[in-house]
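Heads up, there are several structures right after this.
In what comes next, chain A is part of two complexes: it sits with chain B in the first one and with chain C in the second one.
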Partner chain A sequence: MDKKDWKGWLYLLPAILFLGAFMVYPLIDVFVYSVEEGYNSASQTFFGIGLYNYSYVLRDPYFLQALKNTFILVLITVPLSTALALLISVGLSSIEKLRDLYQTIYFLPYVTNTLAVGLVFMILFKKTAYTDGLVNLILSFFGMTPIDFIDGPYWAKMFVLCFYTIWVVLPFKILILTSALASVNPDYYRAAKVDGTSKLRTFFSITIPMISPTLFYLIITGFIGAFKVYSDAVALFGTDLNAAEMNTIVGYIYDMLYGNSGGYPSFASAAAILLFAVVLTITCINLLISKKHVHY
Partner chain B sequence: MKIVVQNLTKTFPSRNKNTHEDVIAVNHFNVEIPDGKLIGLLGPSGCGKSTALNLLCGLLKPTSGKIFFGDDDVTDLPAENRGVGFVFQNYALYPHLTVKQNILFPLQNRKGKDRLSKKEMLEKAKEAAKLVQIDSLMERKPSELSGGQQQRVAIARALVKRPKVLLMDEPLSNLDARLRLQTREEIRRIQRETKITTVFVTHDQEEAMSISDLIVVMKAGVIQQIGKPQQVYDDPSNLFVATFLGTPPINVFRGQVKESVLYLGPDPIFPVEGVKDQEVSVAIRPEGFLLRENGALGCKRNAVEVMGRDITVVSTHEASENPTIRSIISAENREKVPSETVRFDIKPNKLFLFDRESGERLPFKWNEREEKENG
Partner chain C sequence: MNVAKMEQKARLRKTALKTLTYVLLTFWALMVLFPFYWMLLSSVKSYSSYNSEYIPKLFTLSPTLQNYVDVFTTVPLTNYLLNTLIFTVVTTAIMLVVTVLAAFAFARLDFRGKNLAFTLFLSLMMIPGELVVITNYVTITNLDLRNSFLGLILPSVTSVFYIYLLKENFAQIPDELYYAAKVDGCSDLGYLLKVLLPICRPTIITITILKVIECWNSYVWPRLITDDPAYYLVSNGIQEIRENGMGRENIPAMMAAVVVISIPLILLFLLFHKKIMEGVSRGGTKG
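So, the complex of A and B:
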């Protein structure tokens, strides 16, 4: 029995070593940084230990802006992208002709580079003194005043960011959901049909519960992914996100790490720990809900 | 509800790109199923029996032909409007719903004035559950049930809406041997109690024989024979039906009719009147052999298998189409089985002659007096 235990740990050793060195240790280290007040990365010194870093970060208007942006982004894009992906996947699995073609088209954004796509979005949505982007051309065609989505009002910029984020995460969700839908045994649908079940009831009472494990997986990873958005914002609004009021939490951490004159690693660490706490809480809530609603 | 099927045909487009020939799954089906009977649709895998069931159900549209339930033409009615209950081979119970919710499901689909009150629905569900004896399991999930219990839930779900016709696709194939025996009795009982016209599909001839009022034997989409189980067994219309029914399977020989006497190899068996001199296929049921010291058919003994009530003599004969001949004789004769050559007389009513080419049955007359002497 003992020997067996020993063997088991041996097999786990490589994974434990890697996770320990590259995940657990940095995590602890970040936590340590976050409580060291006045840490100087050049001299590796600090004044004392306390929660000042947290109180600074929580009072920093840039952090609060980033927190607000991130939450808006998460709350809008995760439900919307999941619902949209579900809708498209159901559509895809109910057509027969050209399904492969459409699947490929919907998957294309996944293999393109986010920064390149961001550039395209910027061109589509921008408005300068000389030219309007395609979106603004369409707006003015319908008699509306063009809006500068990239450098204009807050809500316009947030709209583009959400639009872009949804567009970027859709392909993966569609891919996962179409395969989940395909794996539902068609006998369930045939049984429902024989019993005269309406399409709507079939969808909500059979399809959704059947793919609920996949749906929850997508929602949980979607939340985590959306909380960590950074490159999307950079792709659209450039690197000075604070000025554009479009910063995200990860963006704030990045700015704090590499900002002017060597940065403030302690503030960055405190922000990172706060983000970690938020993501952990949301994920735990998600898991609790999913336990109640995923049945097998 | 009486079911009448006229000229029902279903073809599927060919997957084979070279031939472009359509696959005919069901070929000019004609059958009349009397009201309140249990009908077994029997055939080997891929013979189109499940397709036929799906056509009856309305999950598939026929290529041509008509289906009547009673006097109503239901050929173009979709499945939900036909009033059929369907029990799937894998039961298709919704895994996220409890037994009760599963049984309620069909009732909750009703709309308008057909919709029952919650209390009535619950009563009907309980009634159906009681009929299949799962009323104590109502709050369980399907995954917490055994295969046999799941099967019962599936039947209850199909019965709860009082279907005119109950259709079952291989209802016993997912159960183990003991449970299968039990469940088939159960299906028989439920069918008798509800008196719902029931059609079930099976590839297991024993299953079909044991509980059906009527069996329909199919091969390659074509009905071979329709009849009561015993009648089909005793009077098969062709070689396929004869070989498909019965365990152990019927013994097939190459035979010859010369001057109205049947020969198996060199052995003259008995005179067969009314058959022209020709090469024939001869099929003898295992129970058609009589151990005789100077019997007509001489076989080389291979082994004797003791089954308790009776024994099986495994032997070979030069005219046999199968590698071995299996004959069942009473266990009392065990000591009498010779060690080298076993000689049998054949019961004429257990021997069938078939055309060598077409496999069609060749009726013959035998001498009754001789039969009595042997019997």
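So, the complex of A and C:
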């Protein structure tokens, strides 16, 4: 190596040190942990190598609960949030007055602290001895009986979690979709107008195909993001998510690592790898579908 | 039907559609803004008046700032804010140095193994944080760095994506500038500091703001690595306030704390919303 080579690597050195210590090494290590049976974090010893950690996690009722919650959350929030974001973005691009204002307002949740705003959602939905909460009052106005959305029945809690998750992820989707809609060549619309094509038909035959790459990008990242929901749930239901029956896979991983139920990095690693496998599979399926339907 | 009537009908439909659009957009804008209004409103209601409202009032005629006094005196909110500030500033500063140097090496310098290294860097972007956090937790615990700023900061520094973003920007700067600087006797480092950085300031500002937002809101890593409230950041602080702080029922005070920790980022957003939105649409993720 001559001087030039050394220089390049020298500039890269800080990045390599940080990435090596906190990304590459942990990545290898997590697989090692996941197969070390009976690992004891105090003495750093283990009995043997095998797949026991995986089978333990897969039989753990808390993990199965978390898996179920996460799948329900993903299946509800991803389609709903994408559709809602599309509707709002189309509305946004059809107006001129106040457009910037609306766009700025819609983006606000992106920069706010999920934990902090989650508390506001909690008090809006919570039923206490003092008050039924604002949401329940609105519901009772429509003749429904008040439900405790925070400590009450499973589906009420799931509803709030989905609602809050959608509220949190919409800003990003709206932003990306609005810029995709703005980049569609207006000549297509003019041609459709000359041909007297209806608005609905223009939307489905021109707009959707033109923005389909962006749409699929959002669906793929949406799936990945929804599988990792955690802090939204903590914000609403507190740190003991197992007790609230509202744990997610990521929550399960962290609970295994730390806190009252913690101290089991092996189980956490096995759960993390299982999550990674699920996300990877879903992403591959998404990519395969998108190859068939996306027009570039 | 004659033409005039058809035209009138079409105009009417257009107006109706436009109105519907505005109604829908305004509805969602209210959905976004309402939680912010509600936290602000609840934070200025007194404890007794908040709890006596079985039907919550949508406004208050006797606002009080007592809750704000309370959150600064009864819980260590100042401490949480200060910790977050230190964490954010130091993490962002180290991130900038590391990122600028690496991006410069990839964009401008020639060395053996550069392409391979760049591919490896890019592939790291796909690694989910959940996979590496476990070992990082064990590493930091073994290094005895729990409940310390070093333990909080070190694993939070790296962002492969920002290196990529800045490298793309550096690569757009014409080669002629580099050779001209070289002819004038400028060193590589001098060229980076005196020419490249000023030209690429917009991108630097974008990644700085995005990192600041990320740091200010980070929750998972700080929660894992700190259990001493003296080192809590705001996210953990607010969780602590909720579970053990001013009593679970003192919601107005809790909301005051929420307002206080939300204000810095909302201010940042109001000042830089164009830059932030542009930066995020160029490749931020979340959700």
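Remarks
As a working rule, the second predicted complex is superposed on the first by the 268 of 296 C-alpha atoms of A that agree within 3 Å, B and C clash if a C-alpha of one lies under 4 Å from a C-alpha of the other, contacts with A are read in each partner's own complex, and residues count from 1 in each chain.
Note that a contact is a pair of C-beta atoms (placed from the backbone, for glycine too) under 8 Å apart; a residue touches a chain by one contact, two chains touch by 3 or more.
Only a predicted model underlies this, so the values are computations on that prediction, with no experimental measurement involved.
Touch criterion met: A:N185 reaches chain B, while chain C stays clear of it.
When the shared chain is aligned, chain C comes close enough to touch A:D5, but chain B does not.
Once the two complexes are laid over each other on the shared chain, residue contacts for A:M210 go to chain B alone; chain C is not touched. Of the two partner chains, chain B is the only one that A:D195 touches; chain C does not reach it.
Taking chain A as the reference, the larger set of touched residues comes from C, when chain B and chain C are compared.
In the superposition on chain A, no contact is made by A:I76 with either chain B or chain C. With both structures placed on the common chain, the touch criterion links A:Y230 to chain C but leaves chain B unconnected.
Counting contacts by the rule stated earlier, no residue of chain A appears in both its interface with chain B and its interface with chain C. Taken together, the chain B residues at the contact with chain A in this complex read 57-59, 78-81, 84-86, 88-90, 92, 94-96, 105-106, 108-110, 141, 143, 157, 161.
Of all residues in chain A, only 1, 4-9, 11-12, 14-15, 18-19, 21-27, 29-30, 33, 41, 81, 87-88, 91-92, 94-95, 102-117, 119-121, 123-124, 128, 130-134, 137, 167-173, 175-176, 179, 221-222, 224-225, 228, 230-231, 234, 238-239, 250, 253-254, 257-258, 265, 268-269, 272-273, 275-276, 279 touch chain C in the complex they form. Partner chain A is touched in their complex by these residues of chain C: 18, 21-22, 24-25, 28-29, 31-33, 35-36, 38-39, 42, 51-56, 97-99, 101-102, 104-106, 109-114, 117, 121, 124, 127-128, 130-139, 154-155, 157-158, 160, 163, 188, 213, 216-217, 219-220, 223-224, 234-235, 238-239, 242-243, 249, 251, 254-255, 258, 261-262, 265-266, 268-269, 273, 276-277, 280-281, 284-287.
Listed in rising order, the residues of chain A touching chain B in the complex are 185, 187-188, 190-198, 201, 205-206, 209-210, 212, 295-296.
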